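Take a look at the structures below.
What follows is a pair of complexes built around chain A, which joins chain B in one and chain C in the other.
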Partner chain A sequence: MSRVATRSAFATFRDQYAELMRSAFLIDLQYRASIAIWLLWGITEPIISLGIWWSIAAGGAVDGYTREDFARYFFGVALVNQATLSWDAWNIDRWIREGEMNFRLTRPIAPIHEAIADNIAYKAPTAVIILTAWIGAATFWPAVRIPFEPGRWALAIIAIVLAAAIRFLNGYATGLLAFWTTRATALVELQFGLSLFLSGRIAPLSLLPPQVVRAAEYLWFPYVLSFPVEVLTGTVTTGGQYARGFGGQAIWLAIWLLLYLLVWTRGRRRYGAVGG
Partner chain B sequence: MTGIRRAMIVLRAFWQLNWLEELQYRGNFIASLLGTVFWLLMAMLTVALYFRHTPRLGGWEYWDVVVLLGIFNALAGVVETVLRPGIGHLPTDVRSGALDLVLVRPVDAQFYVSFRRLDVWRLADVVLGLALSGYAFAQSGRTVSAWALIAFAVTFAVAIAVVYAIWVTLMSLAFWFVAVENMSALFDAVFEAARYPVSAYPGALRFLFVYLIPIAWTTTIPASALTGRLNPSLALWAMGVGIVALGASRLLWRVALKRYTSAGG
Partner chain C sequence: MPTAIVATGLSKTYDVKVRDPGIRGALAALARPRYRQVRAVDDVSFAIERGDAVAFLGPNGAGKTTTLKMLTGLLYPSAGRAEVAGCNPWTGGNAFRRRIAFVLGNKQQLLWDLPPEETFRLNRAIYGVSAADYTTRRAELVELLVLGDLIDKPARQLSLGERMKCELAAALLHQPEVLFLDEPTLGLDLEAQQTIRTFLGEYRRRHGATILLTSHYMADVTALASRVLIINRGRLLYDGELSELVARIAPIKRIELVLSETVSRARLEEYGTVAHYAPPRATLEVPRELATAASTRLLTDLEVADLSIQDPPIEEVIRIAFGETEHDVLAEPEPVARTDVRRAPP
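Up next is the complex of A and B:
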């Protein structure tokens, strides 16, 4: 019996993934300078927010947040945001508008796997770069040191991976609306704008008006950024907080996965290729 | 001055064509307007959030910061209307060799590249931004003086010059780093910092924004002119910064252009 025949479907799938990730990584390597610029672009927003809060907190703690707390929080935001960024809607928009979706549909593997591989190949190395910069900063700036608690760090990694999955599916499913409308990316931008507040990009959630925070907790926004950051920095402490956070992540992961499947199966049927 | 007159004629022809083209996409106007209003709202909510926790931001009261925010939006509108569709395309032109077609034309290349295209709908951002500044100014309860208006007009022109110079500088780098396609993302990132008065930042960032990446001169100074924070000597300094920035960027452009060897072929 030949080796090929005994290969499980899983092994084939795994090899396809490895190949997709390898090629995505090699392409990224060609664009090192561009990636450096995107990295810089990603960290300026938290740096600006930190700068403003740092000045505001000059006179003392702001609702319990000292300058050092803000520093740790926004370093966490920079890291988690890099690991959970979502840009796929713009790719899908182009694929559908310019007909690049066509050859992707003929492949034996759904286009979402190419996007996932692409995301992993980009985010893993760049998140490590930010982490290295953080460790570097922590050696001479005690404010950004976080306590040595390997158990907590492990939980933070799980929370970050779940957050990345939710945000990815959220962006991808919204992007697939491009099957119906030419303004799918505008919907992504709308969510991006709301996430300034509801995800805690501009400030820790506890500094927002309580009604806003309560509303946010019914949506996915806090679970894709604020929660992983607060696990990392040590703001999340009680079992109840952990349960609510991971529970929210599990629910929203399931919801966005279902929404993706729905939009993908419906949209594909609706698709009429461009060109040719 | 036939050179300038010829340039103006060329420019008029471009913009007319451009206008006719854009008229076909009136739906874009509504979409872009909605987008601008949405982001203005988000920006104002952000400022409101800061002011929930502090009475002043770098010594500026709430409505004064909103005046500044309006100016920021107006300048961002200038970027979207003229710079991004014009000189923002330079890296692509350099990579593809399309710059050849620019260089053979009988007009100054920098002039042509900079002003070849207008995203006219984004002019609404400029109007909305200035309207917001006007509204916030009225709310702040200040009275307007002729000196403040003149100083604002001058420093706002300086701000446009500085922003333009930053774009020329960044885009000229495309001649060295051909593979870098997202140079404008660098501007977008750093310009975000100009949403707030430069005095609201800690010392290190303030130094960076005043001297190294001169965005402090783009929003803080015109807003200072309107809110009575600008003394005449600072206004003169601002004019100096504008002239130096324009001159330096022109110089860099010329050095950069010498490196251009076309593509393909």
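Up next is the complex of A and C:
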């Protein structure tokens, strides 16, 4: 009896996710022109960074990075960044400010699942587009080719999924601060500014001053971009590097999950106390 | 008959930041925030039997929506208890949420960019409605609400009335035991209001759903509910039969006039009590049964540019119903029941 009940609860949950993803995908289709622009905007930044490093490395390798290394690195950044984006804080801010949180709180599913489904529905197709463009580029530009190592690719996929989860929970939990303040999205923007340097978006981390790298290692930023990119491009090689990277991801995933749970339960209570 | 909603001593007090005007006031509020306690709902108790339709009446800011938000579990009460569909709204979790629906007239849950059909599909999954039930219920709702091809048009292209009909359908697919409606006819034209009233009555008759609705419109109440709760300034002032309430209030209608000629106040007094006189506009109060005759006479005798017959507004009904004792309370401009000022805890 209980086994049947468990299975049907699971089936309901799966059904809920399928429909949430379906409607999110259909909405995305309505906004396909905007999405194309966001995609272009998203790859512009790594392309500009690549252009700069490409000319800097004209005279030879920079700290061990050749022009080809930079090309692979920034193609990796474009892909991983697209797959790990986080915009949820702006949604939550609107839900709370405009009273759209109310009906979400009276439905028998926590609002976070809607956000997760929305993320999957947006990121899976757009990441495939970037990947296709990468493969297309690799056919006539050997510099951006990545060696065929299925084991490494599988690890890269795991690292990207973990990175997406950390960035998602980070953005979602910060967004939930909208229960208390109208400035939650400003905090997200601040983190975005820091992440430009600390996650390796504008340069591989190893090229930054050692003090900055040391500071970054105490935060989650390197684990959400730099690490997955380096797994993908082959910079991460030793067992120790893998262990440190995945270990860091596991720790930060746990921390942001706990922070989310804390902010959600407290925020829900506060919302219940003061309303929207 | 089992009880669908029980509220016992429900109260809700908010802390509202008080701030003196100007930059000085803003800075002072930053340094030493002061709070004023606003009692939005004050010791409200009532019980509603399963299958009943009850209207919650009161002016803006009376505490109707706050009470509904407490009963649906959105807000926690400062004091008091409640039981809705056999559950505690604040601890009942998803089992509770599957038994209720909350429709807010001024907010929407329809997916804005997609046809309502997509919201229906989504709600089917979210509420775990079986495929067979979904097919039957969807067909019934489409028929009763005359949705036709509305459900295939993107929600953003629907009129307010069409959208409200689809909102109701989306909210009822899981066949909730208790339906909370906050101003379901707000801003709709008369025809759409009528459709929604007829639908709600029919739906309740068929499924025995309990309905608690708030409204500004007397017509919603007379069409749907036999019982009314009147709330003002957070306090429950009346709980009883609508017919009794009508008997208690002066059974009047208001005739609103726009005149094309100058008519003296004294002349208008021949047709009824002049409640408001600001030429070319005037409002007359006449006994309900004489309203039609008085209108005919007005149209024959005077040059009238516009004439409409209306029920007295809710505020007026409350004022009349509770006579002079409540009149003083209602006359105060402050929209809250009680206030006191205290320093913020450190």
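By definition in this document, the second predicted complex is superposed on the first by the 264 of 276 C-alpha atoms of A that agree within 3 Å, B and C clash if a C-alpha of one lies under 4 Å from a C-alpha of the other, contacts with A are read in each partner's own complex, and residues count from 1 in each chain.
To be clear about the criterion, contacts are C-beta pairs under 8 Å (C-beta built on N, C-alpha and C of every residue); 3 or more make two chains touch, one makes a residue touch a chain.
All figures in this text were calculated on a predicted structure; none of them were measured in a lab.
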### Clash or fit (per the criteria above) of chain B with chain C on chain A
fit
#### Entry: Which superposed partner A:Glu217 touches (first chain B, second chain C, both, neither)
neither
### Query
Is A:Gln30 in contact with chain B, with chain C, with both, or with neither (first, second, both, neither)?
both
### Task
Tell me which partner A:Glu68 touches in the superposition: chain B (first), chain C (second), both or neither.
neither
### Task
Could you look at A:Trp41 and tell me whether it touches chain B, chain C, both or neither (first, second, both, neither)?
first
### Task
Please work out whether A:Thr106 is in contact with chain B alone, chain C alone, both, or neither, and reply first, second, both or neither.
second
### Query
What angle, rounded to a multiple of 10°, is defined by the Cα centres of chain B, chain A and chain C, with the middle one as vertex?
80
### Query
Which partner does A:Gly51 contact after superposing on A: first (chain B), second (chain C), both, neither?
first
### Task
Check the residue A:Glu189 against both partner chains and state whether it touches chain B (first), chain C (second), both, or neither.
first
#### Entry: Shortest span in Å between Cα atoms of chain B and of chain C, once chain A is used as the common reference
8
### Task
Check chain A for residues that touch chain B in one structure and chain C in the other, and list them.
30-31
### Query
In their complex, what parts of chain B are in touch with chain A?
31, 35, 38-39, 42, 45-46, 49-50, 52-54, 57-58, 177, 179-183, 185-186, 188-190, 192-193, 195-196, 200-202, 205
### Message
Under the stated contact criterion, what part of chain A meets chain B in this complex?
### Response
30-31, 33-34, 37-38, 40-41, 44-45, 47-48, 51-52, 54-56, 62-63, 183, 186, 189-190, 193, 196-197, 202-203, 207-209
### Summary
chain C partner, complex, touching residues on chain A are 12, 15-16, 18-20, 22-23, 26-27, 30-31, 99-100, 102-103, 105-109, 269, 271-275
### Query
Which chain C residues qualify as touching chain A in the complex?
14-15, 66, 69, 72-76, 90, 93-95, 97-98, 100-102, 104, 107, 109, 111, 113-114, 118-119, 121-122, 124-128
